[in-house]
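The following pair of complexes shares a single chain, chain A, combined with chain B in the former and chain C in the latter.
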Partner chain A sequence: MEQTIKKNKTKGTFSPGKVIDLVAQKRWLIPLTLIVVYVIAFAVLYPSVFLTKYNLASLLLEFSIPAFVIIGMAIQLINGEIDLSVGYVVMFSNVCVACLIVLGVPVWGAIAITVLFCALIGWLVGVLVAGVGVNSFIATLGSGMAFYGLGLMVFDYGYKYGTNNPNPNGLDLLHLPDSFKNIAQLQIGGFQLPVYYALAVIAVFVVLMSKSKYFKQYYYIGMNKEAAELSGIRVKRTKIAAFVISATLSSLAGVLLVARMGSGATTLGVGMELKAITAVVIGGVSFKGGRGTMIGAVFGGLFVYCVNNALRITNAPSNLYKVIEGLILLCAVILDAQFSKRKIVG
Partner chain B sequence: MEKPILKVTGIVKNFPGVKALKGVDFDVRAGEVHALCGENGAGKSTLMHILSGVYQPDEGEIYLEGKKVQFHNQKEANEQGIAIVYQERSLVEGLNVAENVFAARQPSNKFSWIHWKQLYRETEEILKSLDIQVNPRTMVSSLSPALQQMVEIAKALSLKPKVLILDEPTAAITEKEVVALFRLIEKLKREGMAIIYISHRLVEIFQLAERVTVFKDGSLVETANVYDVDNNWLVNRMVGRDLELKRVEREIPKDVVLSVKGLCGGSFQDVSFELNRGEIIGFAGLAGAGRTEVMRAIFGADPILEGEIYLNGSKMHPQNTKDSIERGIGYLPEDRKAQGLFLEMSISDNISSAHMNQTGRGIFLDDKRLLTESEKYKEQLRVATPSVRQKVVNLSGGNQQKVVFARWLMVNPRIMIVDEPTRGVDVGAKAEIYQILREMTKKGTSIILVSSDLPEVMSISDRIYVMHEGEITGELSGAEATEEAIMRLASGIRDE
Partner chain C sequence: MKRQKVMKWLALAMAGAMTLGGCGEAKAKNSSSEGAETKTEDVSDEVYVWACQHNSLPLFVNNDYIGMDLIAEQLGVTVKKIGPQEIDLPAFVAAIEQEIPQKPDGMMVVGWDASLATAIDKAMEAGIPTITVDADVPDSQRLCFVGSNWYDQGVEQAKAIAPYLEGKKGKAVMIGLPGANNTVEAANGYTETLAKLAPDIEVVTQVYDAQSNAQVVAETVGNLLKSDSSILAVAGFESACGPGISQAIKEADMVGKVYGTCVDAEAEHIQCIKDGTIVAACGQKRHFFTYYGVRMLYDYKHNNIDFTGHDAEIGISPIPTEVSTGFIVVTPDNVKYFDQE
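Take a look at the complex of A and B:
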């Protein structure tokens, strides 16, 4: 019975209603379609620029580091919360790890301290939201601001320390050691390492989100916190874990970003939260919580960076980036609202 | 015979895969209460949604005072004189009564500034005309459910409708408050209002209505004068068979599985009781007596301040719900939409929410097994749906409740607490739920039934505890319990 219905769906006549129903159920089809359209269009229009390995490598590299942030954001939205601090966590981490290295902390120690600190703050914010009941929008806006300010202070300190205590090897905040930069700048098969890190992290979280018991809990919590609690789910601690995961992933993104760039900067990562929200929402993760898939969020992210790529290829003025980004976010939210309204009766 | 004020003919409404209404003729006259009954999913709500402009019919016509009308949305229906009070509250809790009554159409001056004085004056007039004693400046969140219901009706009446539709207005209010509501309805009737009244409580139909119409499977079965029919006739038309609650006297051997001693919590004190293996104990009382709070505390959802709980003779301290479930306690909450269901998730996800952590290999879910298990319970409880992949939001109330039951059958607890298991559920599904409870006890599960439905408590329970203001005021054996005895204890009158 069910099989015949399914057959009819794919084989039957092509009607707009059916397509919309299908897309409403598999929202990741939207970004995937957009990506395919983009690839075909630019392969035809700009074959000499677009169809090069260099372009593909740079597109994937651009996407790879924010992918960490996007994964965290997807978990947070499915969890029924929002995390506006991620961009500033990225910014803080990049400055912090750079500064620690300049101060003479060994590379892996600097990374560990930075990531652990961010995770700890993520845990605190999680306690504020899940335990105390503060709205996550406000809590993460506040923690983000604090991260930003802290990042600026750390940068100033590191910069002054660097100029007052010149390093014999010529290292300072703007010139980080190769041992650190190699983490992100080494290439394998023409692609820089972050591309492979991202692939691994994406694979792990796509599987965890769709197959693991623990992450399934986020769907239940995001859909109905109360019912989840009464189903024996430890809502508070699970919610807090989402904040820790999001902060940790964002912090790792910050570390990779500064390694890739080779110098710490107070502009890195700022505004990334909006890109991440755009990505996950266009990929079908809803603001209402409990809905959407990790693979959709990843496709959404890839699409957002395809648009970046397109703007670069067409030599669009850089300020236009922001306008386009904003418009895509709006479109994604409108789409989300429209699909959420659809009630499938039957 | 008086001419009907509202009349519909040949209404057909199809949803993908479902014929919700199959050509319905229906009318209501001024100054009458026309009751609608039928099982969940019979088509009552769809018809009301058409009358109030939420849905448009695929076929058929609507006549208002003899004139053919069409509603494209609820606003148009309101403007032409049809107002509806839904079962679910539509009030904004953070605003006061007046702001709610005139939501979105506050009296205003030419700059669109709200004319507050006029707003409060008009609200006061409406409330006064309805004998509702509420200050228009009171915050809605501070009102009792019954008063909120009244405000809801005041809001509908502020539209000055000719036809008022009430969808299960008594589902969430107490007996005493029902009396006040009925007085209001009688008053409106005398003033010539045409009222369509939907209810699962058959008693109310005989108290209030002039005529009654029974729906079944999208068709109108019959419309009759209430004076010509009786309870059995109604039930018979609704489910096609006779249903009667019969007490089954059972001898429960003493084998205590749960013993609660001197339990104190936020809103209850010194609660002690015992539960035997395979026994059903009822908890009766008025709304707010603290029954739900006691159960939540035992289930680990609320903190315990004092007292002891013994499970199979060993002391337990419920820390959280997970802990309690692992010890073999289940809890079916009173508000299935807010506390029980994940509305936009699949039936299968809903059924397996409490059990998914116990299945599968290592950290991974066993989707296939959860699906087949859900399918099994869906069949066993006869949840009316083609597939367990359907979203729960598409099910009727009774079927939704069966889904929550299925969740606990999957967990198979030794002690099952059910809180108002048949609230807002139709007669047929009610009988099935009682059947489920009895089946569970046969397998050795003990059940605590919290219910405000006295006939239900009396016919299902082996023993009954009655609570009043956070304390147990008495214990009755199922056989000796009468409605009067329970009500005495529930109002705090202890044995002399």
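Take a look at the complex of A and C:
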């Protein structure tokens, strides 16, 4: 049952109710506050460990590539859908681009082919969901499995090719050229390039989701698809576009991941969808659709990686990580349910 | 008078000799007491790190953990474990990188993948002595590798399977972790040795991906056996392979027709030998990985051997670059000695 809360209009009055209302409206404040608390606490308690270039650069690098996937997932959840294929798209993209490079395709050509292929599959899945009416949970689970199987086939082919046709330059799936690795391994100001790419992509999508008329449509569709349709929004096309965006961003993440690692691997990216979902829910994006902000999703993602960093610095046993992550997700879901009940009027 | 002079000089000479002897003795005492101080040096605040992903595998818990606990107790140091619980390379790399500011006294990295080279190099550049254990990352700046010689692993498996393939014509397939250097080395050893011992057997070049999962191995090998009746041997280069290969051979009803060999000799691998599906389990002496790994790092830090007097300046390492820990080959002939009961 929704609680209808009347806004307290008395100026200058501070009340817990006001604070809760503020947080309910701007849920990105929760992960942001937690990040600020974490930074201050660890800067004070572990200054020689936390405030080092290794630690900060590693933390931001660890977050930067999944940030692409988090942005795609946020759009999908706001849109009222879900995309469980993102991790498998990352996996497929990493082995596909590596394989194409080993086969002799120029680096930028290999990247373009990989990303375009994934975007095309994303479009097909979008058509299945928005056009045919297949549930996005099932559709993306299926497409994810297909991407995974395809990725394994591509890796086997590429590995066999590399073994049977030794490259005079020593290139194979496990030894990719510097011209490709430099896309992710070069540093500027002590931070590897993916950090800057992530900043750019985050900035673009934060602005688009908050200012662009087109992207704001995802909120209306997520809140009420039928009403959005009646108001003139082209729901099907817009939904299909979301799947294309999600697949494209995940594919870019896969390319960056293999460039960063320097070798293709069938394990890279698998499971990333769960972290992405955790991140966006912590950031205030609602499972029900129509709510949440891109900046909240980004803060949620950054918070997840801050928690990992905190556990490492405090030497917590590694089997505690998943427990903590699960508890954080549960808390976020409970908060989401509670805040969703509050309808602010006035 | 003359006699008194002689006596006087004799007395002086004796006093001088006693004095010199006493100094020498004192110096020797000082030296031995310096040695005693070195031996009783407080190292309780020294921390050595073992970095591995999927690090709570029973294989690690039953072997590597024991080795590191033993050496930690013996030396009086602390050995810490870092890394993700699951197979997650980016998280593994991040764990290594984020350990650097904690400035451990040394780090052992299990070389799951060549991509760990960057993280290992960062640790070395930060002044943390870093070695690889179990599987190597040869493209990195690591100081030493402690583990099995994986080329020899492949050789041992080929030597074990060769008698079963005598006079037969067919194929042998391999399964492991294609991305790992140890699998590449083992595959080379197996292929080259079998080419000499069983020249009528074609070793399929491609190494299939075990994904560290026995079920995946069973499905992959099962599919291979069903699709190609010329396969006579399967070699596994990852711990999950033995049980997976065994299951596949049994399910395909090929016991006695297709033979498997595998790495590691844990209880589940021993059982496969008793089942008749695996003819050799080449067990690694895993306790040694971490035991000698910590030992190497400790010796690097407390080095007493200097070849030139300027070793540190000119980059001469005080520890070996490779410590080969050997194998224990379990076969149907000796399996009774390895009965876990």
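Note that the second predicted complex is superposed on the first by the 325 of 346 C-alpha atoms of A that agree within 3 Å, B and C clash if a C-alpha of one lies under 4 Å from a C-alpha of the other, contacts with A are read in each partner's own complex, and residues count from 1 in each chain.
Rule of thumb we're sticking to: a residue touches a chain if its C-beta (ideal position, glycine included) is under 8 Å from a C-beta of that chain, and two chains touch if they have at least 3 such contacts.
Remember, predicted model here, so these are calculated numbers, not experimental data.
In the model built by aligning both structures on chain A, chain B fits alongside chain C without clashing. By the touch criterion defined above, A:L268 reaches chain C but does not reach chain B.
After overlaying the two complexes on the shared chain, residue contacts for A:R312 are found with chain C alone; chain B is out of touch. Contact with chain C, but none with chain B, is seen for A:K160 once the two complexes are overlaid on the shared chain.
Of the two partners chain B and chain C, it is C that touches the larger number of chain A residues.
In the superposition on chain A, A:A228 makes contact with chain B only, while chain C stays out of contact range. By the touch criterion defined above, A:I65 reaches chain C but does not reach chain B.
Contact with chain C, but none with chain B, is seen for A:L257 once the two complexes are overlaid on the shared chain.
Minimum Cα-Cα distance between chain B and chain C in the superposed model: 37 Å. Note: no residue of chain A belongs to the chain B contact set and to the chain C contact set alike, using the contact criterion stated above. Those residues of chain A that touch chain C in the shared complex are 48-50, 52, 54-55, 57-59, 61-62, 65, 152, 155-156, 159-160, 163-164, 173-175, 185, 257, 260-268, 271, 308-309, 312-313, 315, 317-319, 321-322. Those residues of chain B whose C-beta lies close enough to touch chain A in the complex are 15-18, 299, 301, 320-322, 324-326, 331, 333, 338-345, 349, 353-354, 356-357, 360, 363-365, 367, 386-387, 390-391, 393-394, 407.
Contact residues on chain C toward chain A in their complex (touch as defined above): 55-56, 80-91, 93-95, 97-102, 113-115, 117-118, 122, 126, 178-179, 205-209, 211. By the touch criterion given at the top, residues 1-2, 211-214, 216, 219-220, 223-224, 226-234, 290-291, 343-346 of chain A touch chain B in their complex.
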